Amino acid sequence: MPRLGRRGRRRSLWAESFGRLIRIPAASVSIGLLVFMLLFSFVGPLLIGYTGDEINLRIANHIPTMDHWLGTDAYGRDVLTRLMFAGRISLTIGIASMLLSLILGAVLGIVAGYYGGLVDAVIMRAADLLMSIPGLPLLIVMAAVLSELKVRPESRIYVVMILLSVIGWPSLARLIRGQVLSLREAPYMRAAEVLGLSAASRQFRHLLPNVMPLLIVVATLSTASGILSESALSFLGLGVVPPNASWGNMISAANNLIDFQQHWWLWVPPGVALLITVAAINVLGDRLRDVFDPRMRK
Amino acid sequence: EPAPDATQNDLSSMKNEFYQATDPGKSPAGASARTDSFVSTISKPGGVFLPGFYDNGWDGNAVQPIFASLVVTNDAGEAEPDLAEKWDVSDDGLTYTFHLRKGLTFSDGSPLTADDVAFTLTLLNDPQYAGGVDFSDIVIAGTDDYRKGSATSLSGITVIDPTTIRIVTEKVNPLALRTLGGPVISKAYYGKGYAKGKLDYLKDLYGKPLGAGPYALDKYVEGQEIDYVANEHYYAGKPSIQRVIFKVISSDSALQNFENGDIDQGGFGSDPATLTELQNLGFANIEARVVPDYGAIWVNNKKPALADTKVRQALYYGLDRQQIVDAKFKGLGQVADVFAAPTQWSYTNDGVTQYPYDPDKAGALLDEAGWKKGSDGIRAKDGEKLKLSYITTKQDDPVIPIAKQTYTDLGIDFVAEVLDANTAFERLYSGDYDLAGFRSNGLSDPNDAVSEFGTDDPNINVTGYKNDEVTKLIKQGVSVFDHDARQKIYTELYQKLSEDPPIILLDYRKSLSAWNARIENGELFTTGNDDAAIALSKLKIAAD
Amino acid sequence: MPSALPAASGPSQPLVRVEDLTVRFPSGGGHRVVVDGIGFEIEAGQVVSIVGESGSGKSLTALSLLKLVDEPGEISGGRVLFDGNDVLTLRRTALQRVRGGEVGMIFQEPMRSLNPVFTIGRQLIETIRAHESVSRSQAYERSVEWLKRVGLPDPDRIMGSYPHELSGGMLQRAMIAVALCCDPKLLIADEPTTALDVTIQAQIIDLILDLRDETGMAVLFITHDLGVVAEVADVVLVMYDGQIIERGDVFTVFERPQHPYTDALLRARPMPGARLDRLPIISDEVRRMASRRPESAGVDA
Amino acid sequence: MTNATVRSGDQPATRNVDEDFLVEATDIVKVFHSRGGGRRASKDEVRAVDGVSLSIREGEMFGLVGESGSGKTTFGQSILRMHEPTSGSVRFRGEEILGLSRGQLRRLRPRMQYVFQDPFSALNPRLSIAAAIGEPMRAHGLATGNDERDRVIDVLAQCGMEADALDRYPHEFSGGQRQRIVIARAMALRPEFVVADEPVSALDVSVQGQIVNLLCDLRDQQHTSFLFISHDLSVVEHMCTAVAIMYRGVVVEQGTRDQIFTDPRHPYTQELLAAVPIADPRERGRRRGRRASREWDDRTAPRAALRDIGDGHLLAL
Amino acid sequence: MTSYIIKRLTLMVLLLFGVSILVFFLFSLMPGDYYSSNRTLTPQRKAELRALNGLDQPVLVQYFIWLANMLRGQFGYSLAYNRPVGDLLGPYIAHSFLIAFTAFVFTWAIAIVSGVIAATKQYSWFDRLVTVGLFASLSVPSFFIGLLMIKVFAVDLHWLPTGSMTDTASSSTGFAYVFEIARHMVLPVAILTFLGAGSLTRYFRTGMLEVLRADFIRTARAKGLAERSVVFSHALRNALLPAITLLAFELPGLFAGAIITEQIFNWPGVGRLQLESVQNRDYAVLMTITMLLAFLTVLGSFLADICYAVADPRVRLVEVGKRA
């Protein structure tokens, strides 16, 4: 006798996976942490009495006190407040750029690997071309162009992150394509073909779930590198414009031994914020992978 | 007329300060083991060890120990004898006569005579010469003929006897002495195979320098270190320390290398925390030295808003410069008020208008100039908002947060941009900026600090500043040689420049130099100073 | 349940003794028992055949004998005594000796069971070398020999071929060669001949029986082909829904089946030459009789 | 318990050349270039199918039997263009399909289905059974979002599977269950032509009977045509009205069921028939020792062409 | 296969040609040139120098001059170093390669081993430890770790040198010289390894998790293979397939130098040279390095494709494009 009634709820792999995901403690803790980081960054500043811009050199580089829970920076600004504001930018950048490059990389990688031939050659040679262009000069030109176009410095970072994702897809695409190259030979892909499924369905409903694990790893790693690389852009004027802060440039502002040793509150908090975010995304990714793998069902 | 209420800026702290090592015995074993060598640092040498031919500034430092000059400039910007015992300048300021010391030799023992000086100058004026030494404001007589015509030598150079040489120039220029009296190279060594217009052969000798300095090159390990050995033929006698090493060290880890004894001496920036750290080492002799330069915000006087003196003054009053200096140097700096370094002989703030932080006055000046606050809090004039962009090359430029705050309060829409150096300069030269943060070059002659404001050439005067009185005074400043006469001119010039400020002066600074106390006379030596070679020759290693 | 196992002649200790073997999978908050406390014995030189309904737990029983049930499945109870030792509690090295060396295993789906990136040759050679210290070339020769014995033409080509380059039947034979190449004492064969044409099937069965005769190899033979069962089996076990519902020597089971399911199964076998309109199937009623919990077969929490 | 009736006689199986065939495959050749690893690093050329022609009528069940490795799978996949045959022609309802573009081919797909020999590999490990069967149905308008589950349950039930299979994944089934899933997936599309590659090899006789009956029903009710590849001669004899025997890449004998089963001419066919196991323990030992000698197979001699020896009975000897 | 290779190689040449055009024009778009930030030169002198070095020519002319030289094997002349680029780069690239390659070997060895162990013991303490290491390497910038390591191992413990490639004024030769360099390599290599191994481990772990559940792993176990060979031979071989792509990414990296690490440890590598050449607009150096890296990138992707086809028998290279 069929145990699930005929009218049984139709659950997609996604819906079902999510259901199982939140039942895993580690995963729900990670989701909780991410939500916390978001609240911390987006709501936190509303609750705190500082704006993060008040300069007061008399209390510069001050160790944490009751007034300033995480101490003050070189201008006497409240580190906690800056950490929150920085989070807004860093989280947006990290997650948005991760999603963007992930989508581009996955789509192009799957398409190239699946079709092979001319499509593959065009996409992959384009990837080679993009990967051959050195980053720094490109960024310098970008900075010049953006400033020529009178794009306001505050918004440049978003333009740049988009552009970087747009040109940053090759490595991911190549990784994915490599996998697809062997996966597409699997009999079940031939089966999908005989069943007359559309190419899009074959690529994205049949191949995509099988490259999911790889995507999840890449997503974790690229969120972290997105957040950190933003600070590397700063010195070209493409990053977050001071006096605004980001986690990345808060960390790298303490780039000398003295700050490193004596003013730990300058870099430990943004480091920890970054660590929590990355760790949460990573653990979530791990469990997500497990959940997406039917063979891991418990 | 100078503002009567301006308090005089007190520069008493802008003096070199020395901190004696408290416990030289703590010197790290690695350093103490080096009984015959002195290790200093260098950043990125390029390996072109021929004065006048290198393009990389660090190579300039690298050749100092090897090549002695006729004349060197000291910290105060005054010329001092080196190979030349003395020199005369004709009354019209065009003819220079150098008298060399007797019996000079190069480090290989070959004699150094006036012929070598003549050869050096000829080489630097060769039509093919592509190096950085610039004679265009001096022009040795006959240069044009030599370069473009058939002349086989520069007519302006006359070797009178082996120790005397006379040089006739075409332009009066107090700075010519430095250029003409630069490092001397050997004709016998470098002149072999020289023919006018053919300099390529020299490239083979870039790595094998021969000079008359206190040290000779021993070996250059690409990207790692430059080793020198004492020159026994040095005119002042063989230096006491047998070997000198310039080690390639990035500023990030210089302190740790010093702590570890890997280097004996180095420069460590301008942070009091570093000073404390150095003091704690015990074995370090430390000097906080006033650096002969100034930091400033360049202002584009060509922009309609900024062409107005009142607006520039308002920007001066409206900026809390003390705060910037405090944030930047934390006590090792001082607000600048004059277009000269405080250690320069020409420095005086007599009668100079001071611009203490005074937002009210700034606001009043802007109102006066017609920039009225709008409903959004931003000043506007004729429908044009007062928006100023600021370009800088440093992400951590303290001007950004502080100016942002004070200028915003003042009703200015202040936007900062961080750019890479070349881009920034390009913007500067093309006049595409409002405000720009830079430091001056190292100053030796008073003219260095002001000359740009006296010309119309947009490639030099990037601010587009124009003030006829100032222009006149700047010209006068370089048309006489007498110190006192010049001092008078500069005093007046500084006053004029402060009343109608072309740019916003920010700071003077001190930087830290430290050396292991086992090195005697270490205070004399600063890498890159014009007299570094002489200083090196005077260093000694203390016997335990 | 009556123990219909015939007391086959020979020593008292059987080669394999399975006691109360239970395999289950987690399912919904509880478990799904797919092998339900079965027990049987295999004597040396004996061929025991398991037949039964598709999905009744035959393959899992086979896997359990070598402790090969993958996560999340688990062997939740019972013992598997091989030569007197419980395979389920053996230490790793001892287990490795048993696996492949003393017990050879032919998997049901050869295409998935061979490593796609290694050649057949490599997979044979490594098996031999894992259990015997022979040189690579000796192992190669032996592998070629085995490929010939399982009836593969052109063994040299096969040695250098990757699994996806071979047909289903060829892979099945390669798999058989892997299982036999170390002269095991017990062969577990899970549907070893489904992909083979009958002439080769006969050849393989000959090979197995020859080995049995020569070396006293015991065989656990899982198949749906009652013709093959009739031909090879000494003892037949009939499984349904995780349980052994009938056991007996091959003559008894074929001629006097006790359980209605067995009876129906035998009647359903297609006979050569018989061209029926419809093939016989087993009625639900009979199935219910064989089922563990007639009313609610399935999850037990 | 069993409900079988013996059917007498045979349908007339004379092949009329003028007749319209649903599928006509002519001279199919497939050569594989094996990379060859191991000792023999030479590049092998495998002529897996070496010129096979078969024609299948509407509503006909065509049995394809042969030695393992003789190219049955390759042939079956070639005519569905699952890989490109090296040469040959395949007409489906008179239309040449080897020249079709991808798009045209895709439109034809649901009408021609393939049941994989190896069901596990043919199922995407990350798709549940409901999705694996439902998606193609939806793609071809045979189910909508609402009734998709019901449709899937129906086809599964036809193949003897229960509804609780729906939300499980391929690895959670036994070999026979997977085989049924793959059959259900193909049948769900109501194809006109099916290549069934050993579809019942892993099934117990009862389930096997059920599937075979299902296929026969489809043939009779929907006039579905089958190319039925199998090693089980009893099943072939039961189901197929025409049979071809393959050996080393070519068809060696072809004819009606009667011609093949009662009057086998080719030594290989004879060997095959003689080797069919009999499910009676009293007969055991019958096949023992009668190894397939293949003495008649002279690999050096040129291979004989297929010729008609009367009544459409084709033989290559 | 041969025809495929020839086709790809031709394409590679064309592609590099394209890259050179693109990059050259990109560089020409960078504001400023070598002389623009030099404030000691007068405008006239700058103009003279630009003319002398051909910087005043139209970009197109400059490009063709460059191309012609390049085809003759001349990489141009470094303005900052006053030397032919070919002579200049050699030792720097060699130095970078030395640490990059050593770090590469360690990174991969560590990543493979720990990735495999982490996968076989998913969610064990070892797995968690590796994961924590990954977070650390992702969240802490390299200059931090660099400074910290110098502080601990060089300044406080005196075990290792603070930086550079050899001791100051070293004159050691032979084995002593090798040992000396090795000692100086320890810290930079350790950092590069630390930074690289974390993420790489992740890839291997994921790949292994996939493969370990395949049926053929069960077969390998059933054959009685030692667990080590099941994991490291059967499973790893399949899991390594995606690593081929990763390996291809490493190829240019081996010669590119690690800017920050080299800077902190005063390692005379090409990374710093590259950064400088961008900052200085020293086009000849920049072009040469860029083209070298472009070549390696393209070569890497080519080799990866070949390796793929060799490593995974199912992948068809030649037939690509002929699919139904």
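The letters A, B, C, D and E name the chains in turn, as written, and every chain counts its residues from 1.
Everything below uses one rule, namely that a contact is a pair of C-beta atoms (placed from the backbone, for glycine too) under 8 Å apart; a residue touches a chain by one contact, two chains touch by 3 or more.
According to UniProt, the chain labels map to these proteins: A, E = ABC transporter permease; C, D = ABC transporter ATP-binding protein.
Just so it is clear, the model here is predicted, and its values are computed rather than measured.
Steps from subunit A to subunit E, minimised over paths through touching chains, total 1.
Touch-path distance (fewest steps) from subunit C to subunit D is 1. Chains that touch both subunit D and subunit E: A, C. In terms of Cα centroid distance from the overall Cα mean, chain E ranks first.
Looking at which two chains touch through the most C-beta pairs, you get C-D.
Our note on geometry: subunit A versus subunit C, Cα centroid distance of 50 Å, whole angstroms.
Taking the mean of the C-alpha atoms as each chain's centre, subunit A and subunit B sit 46 Å apart. Taking each chain's centre as the mean of its C-alpha atoms, subunit B lies 90 Å from subunit D. Contact with two or more other chains is made by residues 35, 37, 82, 102, 118, 120-121, 164, 172 of subunit D. Residue numbers of subunit E whose C-beta contacts span two or more other chains: 30-31, 143, 147, 151, 213, 215, 241, 312-314, 322, 324.
Under the contact definition stated at the top, the residues of subunit A that touch 2 or more other chains are 1, 3, 140, 144, 185, 193, 255-257, 293, 295-297. Chain contact summary for the complex, subunit D toward subunit C: residues 1-7, 32, 34-41, 44, 46, 65-69, 71-74, 117-118, 120-121, 164, 172-177, 179-180, 198, 201-210, 212-213, 216, 231-235, 237-238, 257, 261, 268, 271-272, 275-292. Remark: subunit E residues 213-216, 218-227, 229, 233-234, 237-238, 241, 311-314 touch subunit C in the complex.
Across the complex, subunit B is touched by residues 30-33, 36-46, 48-49, 52-53, 78-83, 91-92, 95, 143, 147, 150-151, 154-155, 158, 161-166, 168-169, 263-266, 268-269, 272, 276, 279-281 of subunit E.
Taken together, the subunit C residues at the contact with subunit D in this complex read 25, 51-56, 58-59, 108-109, 111-112, 119, 121-122, 140, 151, 153, 156-157, 159-162, 165-170, 172-173, 191, 194-203, 205-206, 209, 224-233, 250-251, 254-255, 260, 263-283, 286, 298. Of all residues in subunit C, only 63, 66, 68, 70, 92, 96-101, 105, 107, 109, 112-118, 123, 126-127, 130-131, 162, 164-165, 178, 182 touch subunit E in the complex they form.
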